[in-house]
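Right, I'll just put the structure down here and ask away after.
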Amino acid sequence: MTAQDPQAAPAEKPVRHGPPIVIAEEVLNERGEETAAQLARTLGPLALESAGREDNPWARVDAKELHAVAKECRDGEMGMDMLNLMLAVDWIDRIQMIYVLYSTTNNRKVILKADLPADAPAIDSLSDLWEAATWYEREAHDLFGVDFPGNRDMSPLLLYEGFEGHPGLKSYPLNDYEEW
Amino acid sequence: MAVDGNNDTQSLPLFVPQKWNREEGGHFFHTDEGGDVSLGKGNHPAPSRMNNVPGVITGKLDDLIAMGRSNSLWTLTFGLACCAIEMISTHMAHHDLDRFGIVTWPSPRQADVMIIAGTVVKKMAEPIRLLYEQMPDPKWVIAMGTCATSGGPYYKSYSVVMGVDHIIPVDIYVPGCPPRPEALMDAFMKLQSKIKSDAKNHQIDDLSTSSVIAEMTTDGTVPPANASREEPTG
Amino acid sequence: MTNEPQFDHVDMMLNMGPQHPATHGVFRMVLTVDGERVVDVTPHIGYLHRGTERLAEVETYGQVITLFDRVDYISNLNNELAFVRAGEKIMEVEAPERAQYIRVILAELNRVASHLLFIGTYAIDLGGMTPVMYCFRERERIENLFEHVTGARMMHNYMRIGGVKSDVPDDFVPWVRRLIGEVRMGVEESDKLLSTNEVFLARTQGVGVIDGPTAVSCGLSGPSLRGSGVAYDVRKDDPYEIYPYLNYKIPLGENGDCWDRYYLRVLECYESLNMIEQCLDQFPAGPIMAAGRRIARPPAGEVFAHSENPRGDLGVYLVSDGSDKPYRVKIRPPSFCNLVGLATMTRGAYIADAVAILGSLDIVLGEVDR
């Protein structure tokens, strides 16, 4: 049911048969509410959408504002001095970048999301804010094809030189291996 | 990708991997020197002048040399992934491998056996090939673990070579994920018997009958040496 | 080759290639050296990139647990714990108390085993061949217990979303008590061999210094970060399982050099052994698996869970689309982030120090490359 047929059109959402899909409710607990309030103060009107689960609030911002927002999170009252995780999710029609920020002084975590178009995904690099972003961005470039202008070194990190295609995308044929 | 005339001092090119070429029968890449597998295999190096000496003298000498070789196998320290931890455990004091004369040696120029312990990734294929060709004859290869045998749990992955025998010829396969230290010791026992019997039977080019599969012991016991040994057919 | 009076200065590139006895796996470092001093270091990784995250999208949740075993192949149970916690968060179930105690006991034992391997291989990197024998003797004892409980020495596949696979045998508590005593003696032996050794001290003190703010900006975590004095430990800052009921201290370093990173791992071994004893004293009876579906089919949503790996903060970001296979699993590997700090630590050090610094970061390439 979820077999990826190489002959089919590459960008097909996998069809899931079975019981109806349940959407999880996102409920913040008390500490999460405080962090969400701080985040709302920091982002102001730039937050397009926000919710959260347990004590991790998330907010979706526009891709062009992300660098400014992240800088404000780092230098402002939130004091997010560590970029804990950066990942890309391929939602076929768009690629979503997710940034998990953590503050060692306040012990709070927030998640920032930004949507990028699927055909030419590009977003400003955060490597001037946190050194950790350099390698995360190289990995996202390798696996998803996202471009990061501003990162000083975009050579392949995980894949060998000359690898064609971006294997993290859903359209990359995974089971295309034939035994000799 | 070409690196001649390139002033970029950051890259140290060895080989350039070509695209995975299925029509050519499973070879991942071709080297510039020509020929994919070296002429000598296993116990016998490339033909030499000694081939014309009467067999009575060299027969006994072959046995003696094979006994010497099999009792002092130097392995190349080449742990790739999880199987490397079990390989290190096998070398350590509890399941000692040093008592069989097996020591790990970091340089390929002085090693006899290469144990491919772990998953072979396409990016790592060319260093493995280079190391295999740097080892002098006679040399043997043990493929330890299911990843090295056939791709293992990463069978569907886009970046894994499904078994190291697409790149180098393998003598002993050890199944397991990871194989117990006793299974690796059994592999060495089988390799020793293979060396001795190869010397007796003068196996040169017949790879398909001289690969032996070691037994995976699940209860920690090593089967007796003569119980299931497969004699290579001439 | 001109006839200029001053010398032409060329930096030499030294390749510590994918096959090297001291690089802890298939890791390649290209050192730019000026004489004996390292000017710059360029790490090259990807020699063990197996596509775990992409494979996790076509396998069910139970199969993904086996993939997670092999991500950081030295501390298997801690990886399983991180993923299983993410699964439990998204399915909104909680494991029963006995299962949580079993998980914490096994995870802490795995932490001790991982630190023992670190001590042994660090000593062998710096030239001392003896401590590794003692450390692996203790590891064999711990792996013997794991085999008794979970069925396998290394790839256990023991934890499930909602609990653990099967209950511990009847002689678990006395066996572990005996084991703690033996392992404590073993750790003390290795500690005495190394920690006051003059050669070891000369090779590790003052080498590879990184200060707190730079380390945090590079994303370091775990003992590599705590060596620089930043007190970030997931067990204390974001407690999970039954860690709030245990009484333990977190060792902190002062200088941020290799000695601090090494010694606080030794102290963590002792702390972990104390924690296991407290768990055994509090060990409850009860079920070991939460009631509910055996096949995990979580609601659609996203969740982030992290746990304290022996190497640092292992995070799992799980995106589910409501089916029995995850939509996206992203692993935040602590060793990947620790390697970002390698360039900062190695600038200006000797070539031999580069080996010591890389060893003190305690990287595992299965985790770096996934």
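Chains: A, B and C, in written order; residue numbering restarts at 1 for each.
Convention: a contact is a pair of C-beta atoms (placed from the backbone, for glycine too) under 8 Å apart; a residue touches a chain by one contact, two chains touch by 3 or more.
Since the model is a prediction, treat every value here as computed from it, not as a measurement.
Chemist: Going by the touch rule set out above, what shape does the chain contact graph take here: line, ring, star, complete or other?
Modeler: Per interface graph, the chains form a complete graph.
Chemist: Tell me which of A-C and A-B has more C-beta pairs in contact.
Modeler: A-C
Chemist: Go ahead and note the Å separation of the Cα centroids belonging to subunit B and subunit C.
Modeler: Between these chains, centre-to-centre, one finds 30 Å.
Chemist: Counting only Cα atoms for the centres, state how far subunit A is from subunit C in Å.
Modeler: The answer is 25 Å.
Chemist: Please compute the C-alpha centroid of subunit A, do the same for subunit B, then give the distance between them in whole Å.
Modeler: Those two chain centres are 42 Å apart.
Chemist: Which subunit B residues touch at least two other chains?
Modeler: 123, 156-159
Chemist: Could you check subunit A for residues that touch two or more other chains and list them?
Modeler: 159-160, 167, 172, 174-175
Chemist: What residues in subunit C touch two or more of the other chains?
Modeler: Residue numbers touching two or more other chains: 46, 49, 51, 54-55, 58, 369.
Chemist: Under the stated contact criterion, what part of subunit C meets subunit A in this complex?
Modeler: Residue list for subunit C touching subunit A: 45-46, 49, 51, 53-55, 57-58, 89-90, 92, 213-214, 216-219, 230, 232, 237-238, 297-304, 306, 313, 315, 317, 319-325, 327-328, 330, 332, 336-337, 339-341, 344, 369.
Chemist: Along subunit B, where are the residues that touch subunit A in the complex?
Modeler: Residue list for subunit B touching subunit A: 1, 16-17, 19, 22, 25-26, 122-123, 155-159, 162.
Chemist: Under the definition above, what is the set of subunit B residues touching subunit C in their complex?
Modeler: Residues in contact with subunit C: 9-10, 12, 76-82, 84-86, 88-89, 92-94, 106, 108, 118-119, 121, 123-124, 127, 131, 153-154, 156-160, 177-178, 180.
Chemist: Which of the residues in subunit A end up touching subunit B in this complex?
Modeler: It comes out as residues 159-164, 167, 172, 174-175, 177-180.
Chemist: For subunit C, which residues are in contact with subunit B within the complex?
Modeler: So the residues of subunit C in touch with subunit B come to 13, 15, 17-21, 25-26, 30, 42, 46-51, 54-55, 58, 66-67, 70, 73-74, 117, 132-133, 136-137, 139-140, 143, 153-155, 365-366, 369.
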